[in-house]
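Both of the next two complexes hold chain A, though its partner changes from chain B to chain C.
Then we have the complex of A and B:
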């Protein structure tokens, strides 16, 4: 239980937040913290646990966003069906990316993932009959759970909280299960893992496909929440970077890390957007510079992320406490 | 148990292993020696499925291994260690060994229990919770062995597990290898430390420029003029 204390506090606070306030801006921030945290967790399955760092996860996010929006607009189908379709398509796309991960290493793999998202961006912005091209698709709002037309921010908060919990549990599974340990072996040293009987290539592909499907689900929820799908946003490299950034800043390969990263980055972005645009319209976009600096500082000084830094702090404190006890006796 | 049938592996114009044939019987403790670049590690890489030979076959317990991926070969009961040890650096010693055990055991709890026994057996008991990358080289070599043993091999290929050890560590490692052999694991050992390999093994194969130049019992090998010329430099005396 102790190892989940952080998650219990975090998700517990989110759950009781609506009791404290009904402020739409505040609740919106919490919904997005959970949403981006969950999607970064999905990235973390491939990028953190399997060590396959992708900067193209917006591809899967976009597939999820579009699947639901297109099915709803053209065939009036429930976004839940779109969610399923998006996940299925993303598994296929994930298998392709997974195959590439066994052909390309390090920076070449990263470049391939970026290119993949760019290809989908072009496809989505040109396939006008289906996607309405570069104008984007407004997602029709129909009240009800089956149509994912949730009028209140509070309902959205609980839906994203449930999604976040699922992602947290998926990651915990990857820390305690046979597959998780084997995946850790592959991440640490693929040759050694293979020598010990682990089908490294297959495991990497499975992890990437899982990661893709979960990211896609996040894309569907996000599109339904925001109500509009713009190809230049959902397939953007900015978004891919954001997924990776949250996880890396929080602590890649840890279940809580992506959520910690999201708390920091999402609230920072909300705050900066509001204040900077108040000061001068020209300052929009400055938050990206601040992200960049933050990332450099984190990678340079706390490479294990916030989780690592907090963990080290606790250990040091425990040590000093023990030291004091020893000194007294 | 293991048979190599004129195995050849080339890298571009260089023949790393040229037509090597070799038989290992169940219960053997075979040594492979030879100067640097003789093709010893390449031979292991071919047997364990990391390289595909240009010609020849590797047969393990009647099954042709050529073209099988490394993880399948391990599952068939043939495990190798790496000369340049490859610990899972950020994981604990116990978790390293446990990952090996998970190849045979599905339950994590059972694999952990088995790992604890394996860690103990290889003299790593005090380091079970230590992160593998912080181990000194002597202990890393032992971890490499412990992890490989956790996959329950019937044939184990040891690639210089004694290199870089101090005399005390060396003696312990020789003792450990003997015990593993006594427990029924067939061993093929690549080694440079002549004193150790001469005492440890019953049969030695000498490679030079990718070819087998001699095979026999240690005393015979030490006196073989071809081996003395290519590798030993002067007659190696067993006291």
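Then we have the complex of A and C:
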């Protein structure tokens, strides 16, 4: 239980937040923290646990967002069906990109994933009959759970909380299961893992496909929550970077890391947007300058992320406390 | 086939400019083993330098070229000291996210300082049409091409014939052996980074009369430059020249046959195919990609 204490506190606080306040702005912040945290966790499955660092995950996010929106607009089908379709498409896309780029490591893999997301961006912004092209698709709002038209922020909060919990558990599974240990082996030294008989290539592809499906589900929820799908946003490299950013700042390859990163980054963005736009509309990009600098500083000085830094702090404190006790006896 | 001369000339002109952007990128990769994800942002800074010099002091971009050399030398050194020096020996992922962070910071600094408005640098030569063997071009494009080719040629001669160039090539080939021969690799990295930034900054100034200036302007070119350098083999300067011509040809022919809307798909598909089947580039050494080199 102790190792999940952090998660229990965080998710517990989110669950009781609506009892304390009904402030729409505050609840919106929590919904987005959970949503981006969950999607960054999905990135983490490939980027953190399998070491397949991608800067093209917006591709899967966009597939999820579009699947639901297109099915609803053209055929009035439920976004839940769109959610399933998006996940299925993303698994296929993830298998293809994972298989094709299997041999690539380091910067080559990153470049391949960027190119993949760009192809989808161009396709989505040009295929006018299906996607309405560069103008984007407004997602129609129909009240009800089956149509994912949840009027209250509180319902959205619990839905995203459930989604976040699922993602947290998936990551915990990757920490304790056989597959998780094998993936860690492949991440740390692929050749050595292969030599021990671990099917490294197959595992990497599976991790990417899993990560793709989960990211796509996040894309569907996000599109239904925000109510609009813009190809230049959902397939953007900025979004791909955001997924990685949350996970890296919080601690890549840890189950709680992406959520910690999201708390910091999402609330910082919300706070700065609100305060700075009052001063001057031009200052809206300031939070992104801070992200950029934060990313540079974090990967250089705290490459394990917030979790790693906090963990080291606790261990040191525990050691010094024990040391003091030892000194006294 | 009446369009053939126009296609050929457009390919050459585009290829020359892509080459100048790509040689900087491939030089930095070849020597430092770092893919500079902020490369496009330095191009954007070059465009803004030309824009402000033109807007404030009515300086022609070609005059700005002379100022751009020391300015980007300083920018290159400063960014190396502040950002790159500390991660030279770090893992790929740390290096990737360092340059990604630099890219985000620079792009949004430009957005905050100079707003997201589209800006134009339109000196007299941007609207001067020149007819050349059945192809119509504007003078700015031709000058940009000529300067880009001269610059790229100069850089390659520098790499081939000077002592500094030899030292850089030696480091690119084998870091440890170079260190053992008494080469100060730290200085080599600093020089490679700075030269790469100067190249792309100059390219930005050259492109300003032909394209629109805005904070995300670098992205479209840098994506192209990735395609170019991977085609030519990351780190291979001559390969980058061929890669530029191939991408420029795909782009002009694609725009002519498929229309402007879909041409980008062509070179990204080409990019993915090359990454999958010949990741070390069309002329590169096989196997480099699996080492993440």
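One rule holds for everything that comes next: the second predicted complex is superposed on the first by the 327 of 329 C-alpha atoms of A that agree within 3 Å, B and C clash if a C-alpha of one lies under 4 Å from a C-alpha of the other, contacts with A are read in each partner's own complex, and residues count from 1 in each chain.
In this section, contacts are C-beta pairs under 8 Å (C-beta built on N, C-alpha and C of every residue); 3 or more make two chains touch, one makes a residue touch a chain.
Keep in mind the model is a prediction, meaning the values are calculated, not measured.
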* Does the superposition put A:162 against chain B (first), chain C (second), both, or neither? -> neither
* Now for A:189: first (chain B), second (chain C), both, or neither, which partner does it touch? -> first
* To do: Could you say whether A:312 touches chain B, chain C, both of them, or neither, answering first, second, both or neither?
  => neither
* Asked: Just chain B (first), just chain C (second), both, or neither: which does A:116 touch?
  -> second
* Asked: So, does A:176 touch the first partner chain B, the second partner chain C, both, or neither?
  -> first
* Determine, for the superposed model, which of the two partners chain B and chain C contacts more residues of chain A. => C
* Have a look at where A:5 lands relative to chain B and chain C in the superposition and call it first, second, both or neither. => neither
* Any idea which chain B residues touch chain A in the complex? -> 48, 50, 69-71, 74-75, 79-82, 86-91, 95, 98-100, 102-104, 106-108, 111, 147-148, 150-151
* Asked: Which part of chain A faces chain B closely enough to touch in the complex?
  -> 176-178, 181-182, 184-185, 188-189, 191-201
* Would you tell me which residues of chain C are touching chain A in their complex? => 29, 35, 83, 86-87, 90, 92-94, 96-98, 100-109, 111-112, 115, 219, 223, 226-227, 230, 234, 261-262, 264-265, 268-269, 271-272, 275-276, 279, 289-293
* Asked: For chain A, which residues count as touching chain C in their complex?
  -> 53, 55, 100-101, 103-108, 110-112, 114-116, 118-119, 122-123, 126, 237-238, 241, 244, 248, 282-286, 288-289, 291-296, 299-300, 303
